[in-house]
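Shared between the two complexes below is chain A, which pairs with chain B and chain C, respectively.
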Partner chain A sequence: MKFWSKKNIFIIICLIAILIFLATMGNSPAVEFQNSDLKYSKPSTHHIFGNDSLGRDLFIRIVYATKNAISIALYSILTCVFIATIYGAYAGYASGIAEKIMVMIMNIIGSIPDFLIAIFLMMFFNNIGLKNNNGSLFGIFGTLVIVSWIPVARVIKNETKKIMNNDYILYSKLKGAKFFHIFFHHIIPNIKNTIIILVIQRVPSAIFLEAFLSFIGIGLQPPIPSLGKMISEGIKTARLYPHLLIIPSICLILIILIFNIIGEVLIKKLNDEELKNE
Partner chain B sequence: MIKKIIYGLLSIVVSIFFINTITFFLIEIIPGESYDLSYIRSEAVVKNIEEKYELNKPIGYRYVKMLKNTYTFDFGNSFLSEGRSVNSIIKEHFPISAKLGALTIIYSFILGVIIGIVTSRYKILKKISFIYFVIMISIPNFILAAILQYFLCVKLNIFPIIWNDNILNYILPCITLSSYPIVFIAKLTCESIEEVNKMDFVLAAKARGIDKKTILFRYVLKNSITSTLSYLGTIIANLLVGSFVVESIFNIPGLGKYFVTYVMNKDYPVVMGLTLFYSILLIVSTYLIDLIVFIKDNKGKKYEILE
Partner chain C sequence: MNNIININNFSVQYYCRKKYLEIIKNLNLRIEKKQIISIIGESGSGKTTLIKAIMKLLPQNAKTSGKLAIFGKIYNSENEMQEIYGNKIGMTFQDPFLSLNPTLKIKSQIAIIIKKKYGKINEKEIHNKSYELLKKLNFNNIEEVLDSYPSEISGGMNQKINIALSLEFEPEIMIFDEPTSALDYDSQDEVIDLVLDYYKRKKPLIIFVTHNIVLAKKISDRIIIMKDGCILDDSPKTDNGFIFNSEYARLLYNNALYEKNKSYEIRSSKKLIELKNIKKNFKKKEVLKNTNFTLCKGETVGIIGKTGIGKTTLCKIICGLYKASEGEIFIDKNTNIEMVFQSAKSSLDSKLKIREILNESNKINKKELYEDKVLLNYIKDFNLPVDTLERYPTELSGGQNQKIAIIRALLNHPNVIIFDEPTSSLDVNSQKDILDIINKIKEKNSLSYIFISHNPQVINYMCNRIIKL
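Moving on, here comes the complex of A and B:
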């Protein structure tokens, strides 16, 4: 079966639509509802995951934290792949000094620690004064884009360089084609499988990075539910109330696991198809 | 060869300069002052503090001074802990981190290569190891650290919780940090063994009747380990990021733990110094690995020309 058949494209579009719908879903007041009688209570039939240190229902917080994690990761990866495709393709298309300078910019941005970028962007967005305390959301979105576009751009640059050696590129250059013509007619059709693979490979690492930064304390800020923050709070009380550590941990592992499995299966399918074509 | 070395050294100096500049201006732009001078009434005190830490000097002066300090390896003093220089912080805490990192790299190389060899030989193991790889990649290292500590230290009491610079203290952080590198190395080794197995000289060795073990250790492994070695830079970068969290969970007084605390406390001279230290470490190690791989490749080319 071909990968780019109509049925498969329809399924992929439906999945993306569902995820985007999930991502734009609003916040419920139940996330913040505190019941001080139920502080640290164990899982029961009323609250299936138990309650946290402020008496909030853990289940609803985990649902919204999962929604936040997936939506931030998806939005930032789509943005970063969009930027990286154009940048990487141009770096592969241009040769000589322009290419060297572009590669050097990538190397330099790549060696600044993620911490500093995260802190800087969070301070920056908090000081603009956005509605609903959303500063840290934009901060972490920017951090994920800046950190993860570099490896993607590197792969796309190498792929483009391979394509640029072909004779048909030389022919269209001789006919006077500009960069964007070559980009849309020759580069994109050749690297579309690579782009799909890159998007799917990057999503779990973006989810991990978001949880990691929230865990340290420079990611999503407290009123917004986040799995990393929950785990870091769970560690403090793990000795007496282990369910506050173990349940969010299992949820985070499961999310990353699902995306990894989807990625591995898709990569296998795409590779098989490429082998058939050859 | 000499041209390559000189070019590499130049690019190190240039990229350190750019990282320096970017970090300096990022810290300058971040709103908020490192000192709250508003609650001090006396003007003389304010003036003295400003003069001591050169807060009243223009930005250009501080920038040039910072550049000069970087290239003489003098990162200045900490704001928070009076009188401690950044150099002394690095000198005190880095050896522990380096020890942990070296142990992790050795451990993950040994285990990764063994898993790679085993999985390349048997087809059933390859399918099982695929599941193991996906699961190990999916567990974030801070969760693994927390859960290992909870079950093995608190519940079963096998490993000590308090830092004592004992060999027992290093085991759990080592396992946590190496969970991802082992998978990475095992995958690479397995792939490269399969690739080398298809080459002509392995076929020739088989035709000569050399037994399987000698072929594996003398012919195949030699080639596949070199290709794994070129990815050592990625592994080191991964370890540095991992060490921030693992060191703070296991209470190891290494550099990663202190970096996080100093970042949270906005102690800018220390953050600046440690950032530069980490980037220099990363850039130099990547450069050295590149050079080793380049020399190995060149050796082969020389023989080809002679033939």
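Moving on, here comes the complex of A and C:
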């Protein structure tokens, strides 16, 4: 079946709508409702995953932490690919000094370690004074975008360079085409499958990176629930209350696994269709 | 029963846009001796598919049936073939720009092969051997070439390097897919000498896929002619040359390509384009020096020369794509120049429909798009299928794509068209077809042409005046 069929486009639009819905959902107060009587409780009928160190219901926290993980990952990757595509395509289109400068910028930013960027952004957003540590959301989002865009931009630049070698680009330039025409008319149609694959491939690692940064304490800050944070707290009390470690860990593993599998299926479909059109 | 290659009842089908296309039908072929075999056929006859089937390099949407054995063994996948790639069987591909890695410099790519062949070897030795390799190919400026990327040197040079690298491992079976179609006569000779020298040394089986019959006649011990996915005729070299049974094969074999026609009368002396003392440097390379060129109204001027000498560069300067480093350029003010490029594959964007390709120029300049009626007139004139506007370039043959490129040029009502090797990637019948169309429209639209080719026969057939670079 064709990848870009009406049905698939409809599915993609639905997914984007779900994303928007998820992100604007915010957190229900139940996430933070503390019941000191229930501190560290094991799973029960009222609280199917049990309660954490502050008596909060683990199940609700896991649900919202998962939602945060997925929506942050998807948003940041989509933004990152959007920026990287325009930057990479222009770097591929340009030549001479402009290209050299753009590559140098990529190399400089690319050599800054992820966690330094994360710390800097977190401090920056905290200082703006958004309530409830919502600044950390922007911090993590910004970190994921900045960290991921460079490898994507490099791939796009190389693909664009190959496209620019073709005579049809020469023809377009002869007719007076500038960057925007070539970008929308020639580059995008030829790299759109590459872009999709890049997005799909990076989502699981974005989910992991967010969890990792939150785990070491420079990602999402409480009260915003995060699987990474829950795992790091669960480790402290793992001997006495294993459910606080095991459940978030399994959840994180599952969502990364699911996205990996979805990714492979979609990529295979895309590749099959590419071949059929040759 | 030592068959080198044994093919029995072999068929190949491609699944493409929801239908199965039969490319090769029940083919039988036995190659027992190590010799030079040429496979000749029109585009679409299945020659490249056959070669890819032997090498197990068919795309995933291809279905095969029947038996194909190499040295008596049947291989079922590319993986199984890994053990004989390079040392027992090798192949060079048609498009020179696709054969070398565009992101590595020439010296890096040669180094990879040399390291593989000689094992432990130091940098200096690698450089020496690379130098030797390029020297044997009669390259000038070897150091510059080594330091370049494949896109910075011409297609012919790429092809020569590619072939030389394939021969480094001295395989017992060597397959060449159109090795000379992008080369000028001198380079062709040099490449053929390379191949024949290799043949004399190691006596391999050489399979030459080509549509250059003259070449095939000269060097082959056996000629196989393919048409519509089958082997039409198969003849070894006899004392009386090659003898074929079918009418088609005989016509192809005896095709005296182009009779000298063309009255060489000088038309009106109105100068449309004049270039004086043009110099063009790319970084440190001097591509054009003290070049002069004129085009008068109604003429067809041919530009001929070795690969890499600057024919395409000169034309790009005329079009305004490149600025000359030095020299004067005069172009008459009402002159509208269009260009038709060498490879139809790279001059038409395969992701766009033909209709969009033909309308691109209007889109760029924010003019009204052509109505289908207007486009269909041209489509009919050029004998193209009725549904062409809806198709993608990949659904048309090379010759048809080239016709689209010509229509694209004509739509702008030019008075000068530059043809850059418009027929070198086409088979003989399509070539004649295109050249005749080019001549027909010249009179009808009172055009003047600049015609680049490395084939002296084509130049003689088409041009009033020839300039050699």
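Please note the rule applied: the second predicted complex is superposed on the first by the 276 of 278 C-alpha atoms of A that agree within 3 Å, B and C clash if a C-alpha of one lies under 4 Å from a C-alpha of the other, contacts with A are read in each partner's own complex, and residues count from 1 in each chain.
Note that in this section a residue touches a chain if its C-beta (ideal position, glycine included) is under 8 Å from a C-beta of that chain, and two chains touch if they have at least 3 such contacts.
Source: prediction; values computed, not measured.
In the three-chain model built by superposing on chain A, chain B clashes with chain C.
Using the contact criterion defined above for the overlaid structures, shared-chain residue A:186 touches chain C, although it does not reach chain B.
By the document's definition of touching, of the two partners only chain B reaches A:261; chain C does not.
Once the two complexes are overlaid on the shared chain, A:166 sits against chain C while remaining clear of chain B.
Of the two partner chains placed by the overlay, only chain B lies in contact with A:253; chain C stays clear of it.
When the shared chain is aligned, chain C comes close enough to touch A:175, but chain B does not.
Contact comparison for chain A: of chain B and chain C, B touches the greater number of residues. After superposition on chain A, the stretch of chain C whose C-alpha atoms clash with chain B is 79-87, while the remaining options among 7-15, 61-69 or 79-87 stay clear.
When both complexes are aligned on chain A by C-alpha atoms, no chain A residue touches chain B in the first and chain C in the second. By the touch criterion given at the top, residues 158, 161-162, 165-168, 170-177, 181, 185-186, 189-190, 272, 275-278 of chain A touch chain C in their complex. Within the complex formed with chain A, the chain C residues making contact are 15-17, 59-61, 97, 102-103, 151, 316, 319-321, 339, 341-343, 346-349, 351-352, 357, 360-361, 363-365, 392, 394, 408.
The touching residues of chain A, counted against chain B in their complex, run 104, 107-108, 111-117, 119-120, 123-124, 127, 204, 208, 211-212, 215-218, 231, 234-235, 238-239, 242, 245-246, 249, 252-253, 256-257, 260-261, 264. Only residues 11, 14-15, 18-19, 22-23, 26-27, 29-32, 130, 134-135, 137-140, 142-143, 146-147, 150, 154, 241, 244-245, 249, 259-260, 263-264, 271, 275, 278-279, 282-283 of chain B touch chain A when the two sit together in their complex.
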